[in-house]
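In the two complexes that follow, chain A is the common piece, with chain B as its partner first and chain C second.
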Partner chain A sequence: MSVQFIALLTLLTPLASAAIIALFLRKQGTLASIVSTLAAAVVAAGSLTLAFGGSRFGADLGAPVAIEWLKLGDLSISLGFLYNDLAALMLSIVGVVGLCVHVFSLGYMHDDSAKARYFGGLSIFMFSMIGIVLADNLFMIFIFWELVGLSSYLLINHYCLKQSAADASKKAFITNRVGDFGFLLGIILCYYAFGTVNLVEIGHASTAGTVVAAAIPLLLFCGAVGKSAQLPLHVWLPDAMEGPTPVSALIHAATMVAAGIFMLCRIEPLFAAAPAVALQTVMWIGAGTALYAALCAITQSDIKKVLAYSTLSQLGYMVAAFGLGSIEHLHDETKTVVILSAGVGAAMFHLTTHAFFKALMFLGSGSVIHGCHHEQDIFKMGGLSKKMPLTFITFTIGVLAIIGMPGLAGFFSKDAILYLAMENNTPVFVILTVTAVLTAFYMVRMWKLVFLGGTRSEDADHAHEGGASMTLPLLVLGLLSVAGGYEAIYGGHFDGVLKQVAHPHGAAHVTILIVSLAVMIVGAAGALLFYKSGPADSLQQKVPGAFAGLNVLKASFDSAYGYYVAKVQQRFALLLNFLDQILIAGLIVRGLSGVVGLFGLAARALHTGNLHVYVYWFLAGAVILWALAAGTL
Partner chain B sequence: MNPELIQAAADNPWMAIAPEIALAGLALLLLVAEIFLPKSKHGLVPSISVAGQLGILVGLLVNWNGASVGQPLFNGLLMPGAHTQFLRAFFVASSLLVSVLGVVALAKQKMPKVEFFVIVQVVSAAMMLLSQANHFVLMFVALETVTVGFYILVSYVRTNPLTLEAGLKYLITGALSSGLLLFGIVLLYGVAGNPTLPGSSADSMNFDALYGFLQANPGNFLASLGIVLVLSGVAFKIGAVPFQIWIPDVYQGAPTPVTAFLAVSSKAAGFAILLTLVNVFSPYAGLVATVIAIMAAATILFGNLAALTQHNVKRLLGLSGVSHAGYLLIGVLASLTVPVAASAIYFYLFAYLLASFAVFGVMTHVAGENDADQELDHYTDLAKTNPFLGGILAIGLGSLAGIPPLAGFMGKLLVFMTVFAAAGAPVGPLTAGCYYGLLGVAIVGVVISIYYYFGWIKAAYFDTWRAPLLEGETDPTPARTPVACWMRLTLGLLALASVVLGLYQGPVAGWLLLR
Partner chain C sequence: MNPLPFDPLLVSIVAPLLAAGLLAIGLPAKLGKAVAAVGFVLPALLALHCWFYFDATGADYAYLTGYDTGLGYFGINLMLGLNGISMPLYLMAGIVGLAAGLYALQSKAERQPLYLGLLLVMQAGLMGVFSSVDVFFFYFFHELALIPTFIMVGIWGGRDRGYAAMKMTIYLTVGAMLSLLGLIALYFKSGADNFTIIELQRAVLANGLSETVQSNIFALLLFGFGILVSLWPFHTWAPLGYSEAPSSAAMLHSGVLKKFGLYGLIQIALPLLPEGFAKWVCLFAALAVFGNLIVIGLVTIAQSDLKKMVGYSSVMHMGYAFLGLACYSAVGIGGVVMMMVAHGLSAALLFLLSTSIHHRTKTFEMSDMGGLVKHAPVLAAFFVAATFASIGLPGLANFWGELAIFVAAWDFSPALTVVSVSGVVISAIYGLRSAAKVFFGSESEAFAKVAAEQKPADLTCCEKLPALILLVALLAIGLWPKTISGPVTAAAEATFANAPAAAVDTAALSR
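And then the complex of A and B:
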């Protein structure tokens, strides 16, 4: 099998699975879950074979795979693959985490009444996500971008009888529309500027010294703001936790929300060729999101909401890391190559480790929720370390990884970002450090409330470990959360990305080490000392002012958008509706259709059914044409 | 075998028309089978017909490049061109699908069954010859074979008065149009055979000779009159205004498979011969372009407007087919200056074949015993009670309406794009504005057509309420025929092809556009 064929197989297997489930297995949930999980296994096998087989392909890498799909005049849209180290890394993450989530879902969704719909949704998501990863042009990315949006909508809305789930799915979809509008404008502008939307050709054009308007990368960044839930479009992600927990792990933690960062890394040459303001905007939005979300996470009492805000915060970290990358001119022997050094490496490295430990924690929380009969309030849990030892151990690894315990995955990637910030921008370094303190604080708070102390509700008393299908993925991801920070496990196959990760040396190394250790200890100790294992929030009791302040901060965006929608947009819509009813529906549509209908009646009346009349028609027609030929008409 | 024999076989013109001979031979075989098979085995005949046609189609596709393209055959009677290979496959495929529909539709009638298949095959063989005609005599003989066959097919169900009426109307209008065509041919033959004029020829019915004569004598009155009359005769076939008047009555009265045959094959044959003739008449391009432009505009508007108010689905399809002829006519106009327009027309016809047979296939299953009585109301509830037929209908009608991403959309897009390109070099008295105006008319026509096509889809999908029957009243909706397994396969393939061809035109368009 050629490598291109394996890539195609990896892309199309989940689609086939989704089609089979939608057409034939809608009522057979168990069979559907097996088909979908097998498809995920094929994806995982395919992605790892491709990545560690060492083959890379695409326009510049030899063996390009592209078919011309649509050609209209000068506009030619082709479908093709660009499989470089970046895509290989992302595809491996999607494959591995996807398989873990599928296997976990076998146990978690075991009793669900709409299992077939759920697994069909997972398959269509896998297809769309792999499409984004492999696509070699922005247009194709956009198609799959919308498809992941659709599958995310379907899966958030899985419990569609719950009003909150329905609302959340609509919110996610509409908020993403806002970002995608900018993304689409960016693609159009890109085509206008370069005459192509192919990633490789754009790369050539922008490294050839063309100055790119800052608007192009910034508009494309809008897509990432929506999909990766950055300020100010972050509002949908916490609500999206209404979906089943494995979905939150796969889509809203590890892969889809990271697609925004992946896309930024794909269009890196555009940022390199644009004025520095573009990159700085990205950096500030990322840093702002990181801090804001960490502040919001402190007051959450729902275990999934804490993880959601933590995801937001970590995504902000990645976006900031991308923005911190400095533009460097590397001199090849033939041409000058402009790349964003370090930023892409740090962002993708953190994306990778985060995918492992955040998926681990989400699946762990799924295990907890499943064990406690769908109780999600951390104040009603407690003492689960004894009831669910395996979940406890793996979850603890996840927490230690995210707060940056030396030796675990998160430590390396977070340090890379902090080092980059320290070197390049002190204010951002301060923001990210504070965020790291907060991260340690709220993570340890949640960990303590859930697992330590005594049980605080009947559900928690009866908590139990799930079956092997639920614990196995936890173990795999736990292992990756430990080992994911060591470059050795990547075997040098992703050097195109990971070699860009900046490593501090000498004094800087010591500084970073001290800072990150201090950050972790301050945050964790604060939480351990401050929170008691009790049914109420210690912060709310002791410092009600701060608690209320944080809640207002969290709600501020929602209430602002709510005000805008209710007071501005709704009134504008009323006005438009009025115009629509009177002018468009009344005058234009009804009027025009009436006139056309009259003509139609007249035309119909000509068909009298009388043969004599028909013969006269023919003769009249012949005479008219005769007159034409004679030149009298 | 020795190579000389093989060479001789390859040079033999009869070998070049082997598919036509096979198709007609298959028809004779069916007659023989009817005589020799016991009555209880007569059910086999349709199967033999379908299997045989499938074999011929496969043979044609396998020997796709085996044809002697560009070599005149039989002293210039036939000229297999680059496109004729596509048209031959088109006609065999259409004949095959008509036979398949015939199996379903004839089962509801107490009529002899074998003749139907025989006539369909003979007519199709004649169409295949027609598409390669390079001589007026062969063209007329082939055309009359087609027309006479259709006289019988249209009035096939003799027990139905509407069918008989349709047959009579088709006979009289058809004869009239043949008269016009023949008169035109005679005028051209006469004037081009006049030895006192430059470029005259003894064999002036040969298209090449005629082309030479027309080039040597621009502006000859008799020749232009002949051209106009010949175009009128062909306009009857494709149903262009003002020669469209027979269409609703005949389409309604004819049995549904015959209606499909008329709508697809007969129209395609008309366009095949029109494209040939337009080339022959190209020295008189100004006249031809004027005639076609006027006919096209009138045809698009009239077809769509008249279809708007129809309640009978066969009349609706007939009049919508008139508007399709109009879109194709502007493509013919473009082909005067942009040769690739012919390819766009063939692509359009292929998309039209896929969509039409899907829709007609659904119609044969919804229709009851009275084939002429097929109202829009009968489609109420279809999508709910039979989602398969509902889905096929939606895809077929969507493709006919030109909704992306279906094949019909790409067909329209290709034709309109060639017209746009042709506007760069307007012909004769036409200006670029005329081309843009025609495109405008066509787009308005497409918008109108969406109204009635979607009205039909709406009937099948959204009108789920039926008035309760009063006491003593019988249900006016005929019982629907259950869909057989092989019919499911056929219809499913047609719909799938419409979708795939809409998304990816590579092989078909690539082949057509390269020529």
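And then the complex of A and C:
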């Protein structure tokens, strides 16, 4: 089998699975779940074979695969693969996390009445996500970009009789469309600026010194703002937690929301060639999101909402890392200064480790929710460390990874970002450091409330561990959350990306280490001491002002948008509708019909009922017709 | 080439007419239905056949056949043929006609034989519109399809049918009259020997038309055809007419017949009157973008009646089509043709499903629905798919046309492109809102009462079949647009690639 064929197989297997489920297995949920999980296994196997088999292909890398999809005039849209180290890393993440989530879903969704629809949706998602990863041109990315939006919509809306789920799915899709508005314009602009939308050709043109208007990368970035839920389009992600928890793990934590960062890394040459304002905008939006979401996370009482805001915050970290850009680096052996695309390296490195530990925590929360009979309020949990030991251990690994415990995956990737910020931009470094303190704070708060102390509800009393299909993925992801920070496990196969990560040396190394340790200890110890394992929020009791303030901060965007939609957009639409009905339909047309009525009166006058008059009219008509035909008129 | 022993185009027109005639004589109910079914199936099969064996290059016509009508003295001959632009529309007419026919066959309309008969006449007209090379018959077939529409709205329409039928009649007759005037004027001014498009083209190229003449004739055609395509502000007949029309008539009119105007502009007005086009392009592009896309887009958001919402959204989408025409390039025009085909399929599907929803909820008022997915999951799946098609999701046909139009529009006017791309957000808002209101969330009180009286069933097989035909067509083009794009781009390139660039003066807009 040629490598291109394996890639094609990896792409199309989930599509086939979705088609089979939609056509034949609508009512056979169990069979559907098996088909879909097998497809995910094929994807995982395919993606790892490709990545660790060492083959890379696409324009510049040899053996490009592309076929023309549509041609209208000069516009040609093609389907093609660009499988470089970046795509290989992303595809591996999608494959591994995807398989874990599928297996976990077998247990979690075991009793669901619409299992076939759920697994069909997962398969569509896998197909669309792989499409984004492999795509070699912007049109193709956009197409699959919209399709992941569709699968996200379908899966958020899984419990579709719940009003909140119906609203959340709609909100997610529409908010993403707002981002795509800019994305599509950016692609069109790109098409006209370069005459191509092929990623490799754009890269060549940018590095060859073509002047790139800042508008192009910034418009393309709009797409990432929507998909990766950055300020101000972040509002859909917390609501998206209405979907089943494994979906949140796969789509709304590990892969789809990270697609925005992946896309940015794909078009990095454009940013490099554009004025600095483009990258700076990205950096500030990322840093702002990171801090804002971390503040919001502190007051959440729903276990999934805490994780959702944490995801937002971490995505902001990655976007900020990308925006921090390149760095001059003294090469260890050759002692020459090289320019590293450290932004890409750090963002992708953090994306990778985050995918592991955040998927782990989401699945862990799924295990908790499943164990507590669908209780999601952390104040009604407590003491689960004894009831669910395996979940407790793996979840703890996840928490330690995200707060940056030395030796775990998150420690390395977070330090890479902090170091880059320290070198390139001090204010951003401060923001990200504060965010890191907050991260440790809210994560340990949640961890303590869920697992420590005594049980605080009947559901928590009867909590139990799920079956093997639910614990196995936790173990795998737990292992990756530990090992993911060590370059050795990647076997040098993703050097194109991971060698771009800037590592601190000497004094900088010590500074970063101290900062990162201090951050973790301050945040974690603060939360451990401050929060009591009780049924109420300690912050709300002790500092109600701060608690209320944070809640207002959290609600500010939603209420502003709510106001706009209900009071501005809807009223304007109703006004236009009124004008349409009254002015055009009523006055003008009725007025027109009055004119027509006059014609009618005149015509009636001609209809005298006198046969002779009719004969004359007929003759006149015949003469005119004849004159017309003879061409004299 | 055509391996059939007869002319598929002629048969596709005559067969439904014949079936209608048989129904008019009066047949036993069962036999009548069978005859009608043949009348609907045959054109669709012949259209598929013509698509499969289509082998014309450039803007040439395939299956070109002339018939003497005895009116040769007036330059009127029945000449049938398909070029790269008409073939996809002809195919779409066949498919939508089949779906509308099958849906009508399962409906329990009163006086069903008459209903089916009128629908068959409409179908014959539609097949004729897109296969006529002769401008006279092009117009004649349009009228042939239009008149049954009025009658059907008048007899089987909803509450306001009288007003709706009259409004539709006045508007569409005025539109048709204006365009007829334009066509006749074109014929005389060009000095052509007969009414075929081919001859008109030859004559215009040979004789040339002055700018004033071009401008005046173009105005007649633009506004005449524009009314028929519901160009803002001449659109108000459409939402009202469609919301009152019986489902199959709405499917055929909004899906297929409405495209007559755009088709006329593409095949006749634009290529023959480039200078006239240049005079008017800024006006109609602005009307289309601000009027159809933005104003009507927002008005669509305000609708609470499902069928009106679908009707308005159909008006909105015509804005994209006019914007594509304004580009005057192979990409733009090709995009418009792709969009016309896709919109025909998706609009028909939405009207079909709206009626099926009405059968279950007994209302079109969306606030009186909710939670229908519990009773009718398959219907919900179809509706969601149709909604996503109409809002331009990749993988379904409508995406390609919209994308091509956006790309082409940037060349025409970046400002208008930016405004028009915001349409993708607007259509997502009303599309997903309606899906959520009808199917998802909690049941409204009104619907709970209706559901308690008579438990709503899921889509029946007879309803599913026509919906499936349309959805498969949408998917086929969506996944593999080359099913139709090859001939389209060939014809569009031949006609529009070498457009006189100077003729299109867009400076006024960018200023």
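Simple rule for what comes next: the second predicted complex is superposed on the first by the 563 of 633 C-alpha atoms of A that agree within 3 Å, B and C clash if a C-alpha of one lies under 4 Å from a C-alpha of the other, contacts with A are read in each partner's own complex, and residues count from 1 in each chain.
By definition in this document, contacts are C-beta pairs under 8 Å (C-beta built on N, C-alpha and C of every residue); 3 or more make two chains touch, one makes a residue touch a chain.
Quantities reported herein were computed from a predicted structural model and do not represent experimental measurements.
In the superposition on chain A, A:A355 makes contact with neither chain B nor chain C.
In the superposition on chain A, A:L576 contacts chain C only, with no contact to chain B. Measured by the number of chain A residues touched, the leading partner among chain B and chain C is C. Residues 69, 72, 593, 596, 629 of chain A touch chain B in one complex and chain C in the other.
Residues of chain B that touch chain A in their complex: 168-169, 172-173, 176-177, 180, 221, 224-225, 227-229, 231-232, 235-236, 241-243, 245-246, 248-249, 287, 290-291, 294, 302, 305-310, 417, 448, 451, 503-504, 506.
Remark: chain C residues 73-74, 167, 170, 188, 233, 236, 240, 295-296, 298-299, 301-303, 329-332, 334-335, 338, 371, 373-374, 388, 393-395, 399-400, 403-404, 406-408, 410-411, 417-418, 421-422, 424-425, 428-429, 432-433, 435-436, 439-442, 481-482, 485-486, 488-489, 492-493, 496-497 touch chain A in the complex. Per the touch definition, chain A reaches chain B in the complex via residues 67, 69, 72, 593, 596-597, 599-604, 606-607, 609, 611, 613-615, 617-618, 620-622, 624-626, 628-630.
Remark: chain A residues 68-75, 77, 139, 142-144, 146-147, 150, 153, 157, 160-163, 165-167, 169-170, 173-174, 177-178, 180-181, 184-185, 188-189, 191-192, 569-570, 572-574, 576-577, 580, 584-585, 588-589, 593, 596, 629, 631 touch chain C in the complex.
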